[in-house]
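Listed next: structures, encoded as structure tokens.
In the two assemblies presented below, chain A is common to both, partnered first by chain B and then by chain C.
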Partner chain A sequence: MKNVVKRYGDLTALDHLDLEINEGEILGLLGPNGAGKTTAIRSLIGLIEIDSGEISVFGEKQGVNNVKIKKEMGIVTQEITVFTELSAGENLRYFGALYGLRGKELDDNVKRVLEFIGLTEHAKKRPKKFSGGMQRRLNIGCALVHRPRLLIMDEPTVGIDPQSRNHILESVKKIAQGGTTVIYTTHYMEEVQAICGRISIMDAGRVIADGTLDELVGKIAHEDTVRLTAAAPSDALTEEIRAISGVKSVVANAGEYVIISGADSGNLNRIMEIAMRHGGVSNITSDKPNLEDVFLTLTGKKLRDTNEGGGES
Partner chain B sequence: MKIFMHYLRRASLDPIGLLIFILLPVALVFLNVEINVATSHEIRGQAVATNVVLMIMLMFQLMSGSYISEYICLDLKGATRWRLLAAPVSLNKYLFSAMFASLFFSLLTGAIVLTLGYFIYDVYMGNIVIIIAAMLLTALFGQFLGIILALLVDKSGTCTAVHLGISWGIFILSGFFGGITLPVVGDVFTTYGTPFSAAIRAVMHSGVGLAVFEGGEFVYASFDNADAILSLGVLAGFVAVTGVAAVIIGRRRPI
Partner chain C sequence: MTIFNYALRRGLKNPVVIVVNFILPAAIILVSFSDENPMGAERGYYLLAMAIMFGAYFMARSIQQDKLDGTVIRILAGPVTMRGYLVQNFFSTMIPMAAIIAAAVAVGAAVHGWGLEFSALLAVCYLFLAATSVGLAFAWSCIFKDKETSFAVFSVFLTTVVSLGGLLLPLDLLPGPLPYISALLPAHWAARAIETLLQDNGANGMYLLSLFAMTLFAVAFLLYGSKRRIV
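For the complex of A and B:
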């Protein structure tokens, strides 16, 4: 995607977005709510028209209803979008047929995907009788029947148990090992760290950082992350911490503070002092940064709870 | 064809839909005919049954258009739409497949009601070509109405309720509960002024409703094919206007 702009009235959803995905890699796409991830994905798939810029997929220019490119893509939606009145096998057959599969080719692919997602024994059962994890696996399977070259997964593990999540993450790795390019959006940093070879962080409609996990963490290696739980959180406490020289970011959420500060700046003591004046702390730690801290530093927002209240900086 | 079969399969697996659109009209026919025949002079039985069967058949053609609005809302207005539209299939293909599946169920309902009426109550069919044409056009009107409502309303439950409300409004205007003569427009609604009244008029003038009591029995002798065809033409006009409206609204409020 080169210099892509998409506006909805006064809102600029994509602001000269540049995003490149190499064939065969798993790209983690991160961003707070409203960063433009969904618009970027929908533009990439050809579901919405862009105002300017250029999108090309596998060397071909993308546009709305470019059937040739659509055939090469699969999408796993955040919501479970399978037909609950049809069996698992019927769902897979339908989605395979939408992508032009017929006869033996369709049969073979449905069988392959059922094995891959571990639902062979449940092929004739309806998804409404499945557990959340099984429904998620079927949701992914429906995007795999036609063997897409590019698979877009939009938060595919929302609301499932750790065992099913691990199963899905392992599956994504296998899919990529089979040569499929994967774009993976999630709110779970540990998932990105576990499976993505490269990570792009989006904010305000553009990519603000891009690289491997080590490269991104390296960008703020000269900073420390202080986490504290304040006994009496307040806006005044937040403002005082923010005013300390060398503090780059303060995110407060229900008494939990995450503070990014220059390494070896001695700010830990200053933060402690201020917190003690504001009612004390029940817990405080100082660590080297991880991916979550990179995200926090770059966007000023936490990834998972941007809508859960609390102050942001 | 695959998408059409998909919607047909889903509709056939919907027990409530089948109950409402297949069993209910059949039950209503039995109930109405039995009550009306029991309270009427015996000789009027066939005429009563004929009217009940054809009236209920046409009513359900109009109402069963709510099938398509439900599928449009479920598939093309919720989260599923991104998955479906991401596939190399055009939006129109989904819409027309759902519409034809819904139309198929409408016509199946009509065929079941007519067949039962014919074999059980000896319903007089008049000109069967005109009856089938009226059935098809009324069903098409119902489908286009369903598409328009689905484009304007997001929730399938609301869509179905509005569809049924409009349908009953049309029945009342058409004189279902007795003739209506309004200022200025007079009896236009009970003659050609609604799709339902035009359909009823076409059917009645094909011979069904013009029975005369002669020599101790009803004779279906008075045909007025010209009026029947005129009524069909008016009905076709309603279908065309609704179809064009569906296209225009679809372009202005794309899914």
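For the complex of A and C:
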């Protein structure tokens, strides 16, 4: 994708986006809510028209009517999009047939996918009766029946338990080992770190950094991450910390501060001092940055709005 | 053909479709063509048109359902063009509607002794009306994104069509400028076609004009339905 612009009225969802995917890799597409990930994916797969720029897939120009390219791609949508009136098996058959599979070839592939997503036993049930994890797996399966050359997955693990998530991550690895190129979109650092060879970070409709995990972390290796829990958080505290020279970013969230600062700058002491004056510190740690911190440094935002799954009360 | 097959199956499995397309027309043919009908025996032709209009509309709900399920995203991301999607959905309703109309008119002709030419022209008029209904169903699913609004507005719309369209009540009974306003509804033109058929017993200028008007409605609705982004 080169220089792609997509507008919804006044809102520029994709702002001169450049994105490149190499055949055979798993590319992680990371970005906060509203970064434009889904829009990028929809443009790439030829679901929506773009306003300007160029998209080519397998060396050919992509467009909403380029049936030939679209046939070789598969999409796992962010929401669960399966026919509620059809059973799991019938859903898979439908999408296999939509991509031109017939007869024995269709039967075999439906059977293969049912096994792959672990729903063989439930093939005759309707998705409404499924647990969240099973629905997610069916949602993925529907994109696999026709053996796509390029598989695009839009947050395939949203809202499911860790066990199902691991199952899905393992599956994605297997799919890639079978020679399929995968684009994997998520909010979760751990997922990207676990499976993706290369990572593109998106914010506000453009790619702001990309590379392997090591390359990305390397970009800010000369920086420290300080995590601090203030006893009495306040805007004044935030401002004072931000004013320290060498502090690159401060993100406060309900008393939890994440501060990125130049390494070995002695800022840890200064931060402590300021925090003590503002009512004390109940916890503080300092460590080398991870992917989350890369993101924080580049955008000044946290990847997720809230601490999902945390034990906060 | 996958889209066509499934849309057809889904259309015919809908209980509302069964009632409106099979039971209602049968009842109208058997009951309302009698001289005891307070609105006159001829009202039966118009009531049948109304049943077909709604029957086609309900049968064409597949697109709306695809939107609710979100599967339209998957389908259009697949090797399917918007035009292909609409065409397959269109025929998935029009083919069974053609069969239903043919059957209804055949039964009517057998029971009430309609002539061959009259029956054929009546069936054609019904078929055109059905096409406008399918077009409307497509356009409708583009305008209203969520089910509740769609249904609420549709109920109001339905009442308007029924009372102004000239199918339930004769067009002459409408006061003031209402007959002219009603010309903006496809149902009006179906009523006109039936009216002129009953007077002349054959195709005349008014009949052809009515078919033409219904074609315009159908094409306009379908174009609108295909141009609007639905994802």
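Simple rule for what comes next: the second predicted complex is superposed on the first by the 305 of 313 C-alpha atoms of A that agree within 3 Å, B and C clash if a C-alpha of one lies under 4 Å from a C-alpha of the other, contacts with A are read in each partner's own complex, and residues count from 1 in each chain.
One rule holds in what follows: a contact is a pair of C-beta atoms (placed from the backbone, for glycine too) under 8 Å apart; a residue touches a chain by one contact, two chains touch by 3 or more.
Every value quoted in this text rests on a predicted model; they were computed, and no experiment measured them.
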Fit or clash between chain C and chain B when superposed on chain A: clash
First, second, both or neither for A:133, with chain B first and chain C second: neither
Contacts of A:28 with chain B and chain C, given as first, second, both or neither: neither
Which superposed partner A:233 touches (first chain B, second chain C, both, neither): neither
Partner chain in contact with A:42 - chain B first, chain C second, else both or neither: both
Partner chain(s) touched by A:75 [first = chain B, second = chain C, both, neither]: both
First, second, both or neither for A:85, with chain B first and chain C second: both
Overlap of chain C and chain B interfaces on chain A (superposed complexes): 42, 45, 47, 65, 67-68, 70-71, 73, 75, 77, 79, 81, 83, 85-86, 94-95, 97-100, 142-143
Of chain A, residues touching chain B in the complex: 42, 45, 47, 65, 67-68, 70-71, 73-75, 77-79, 81, 83, 85-86, 90, 94-95, 97-100, 142-143
Interface residues, chain A side, partner chain C - complex: 42, 45-48, 64-65, 67-68, 70-71, 73, 75, 77, 79-86, 94-95, 97-100, 142-143
Parts of chain B lying in touch with chain A, wherever the complex brings them together: 2-3, 6, 9-10, 13-14, 78-80, 82-90
Residue ranges of chain C touching chain A (in the complex, touch as defined): 2-3, 6, 10, 13, 65, 69-71, 73-82, 229, 231
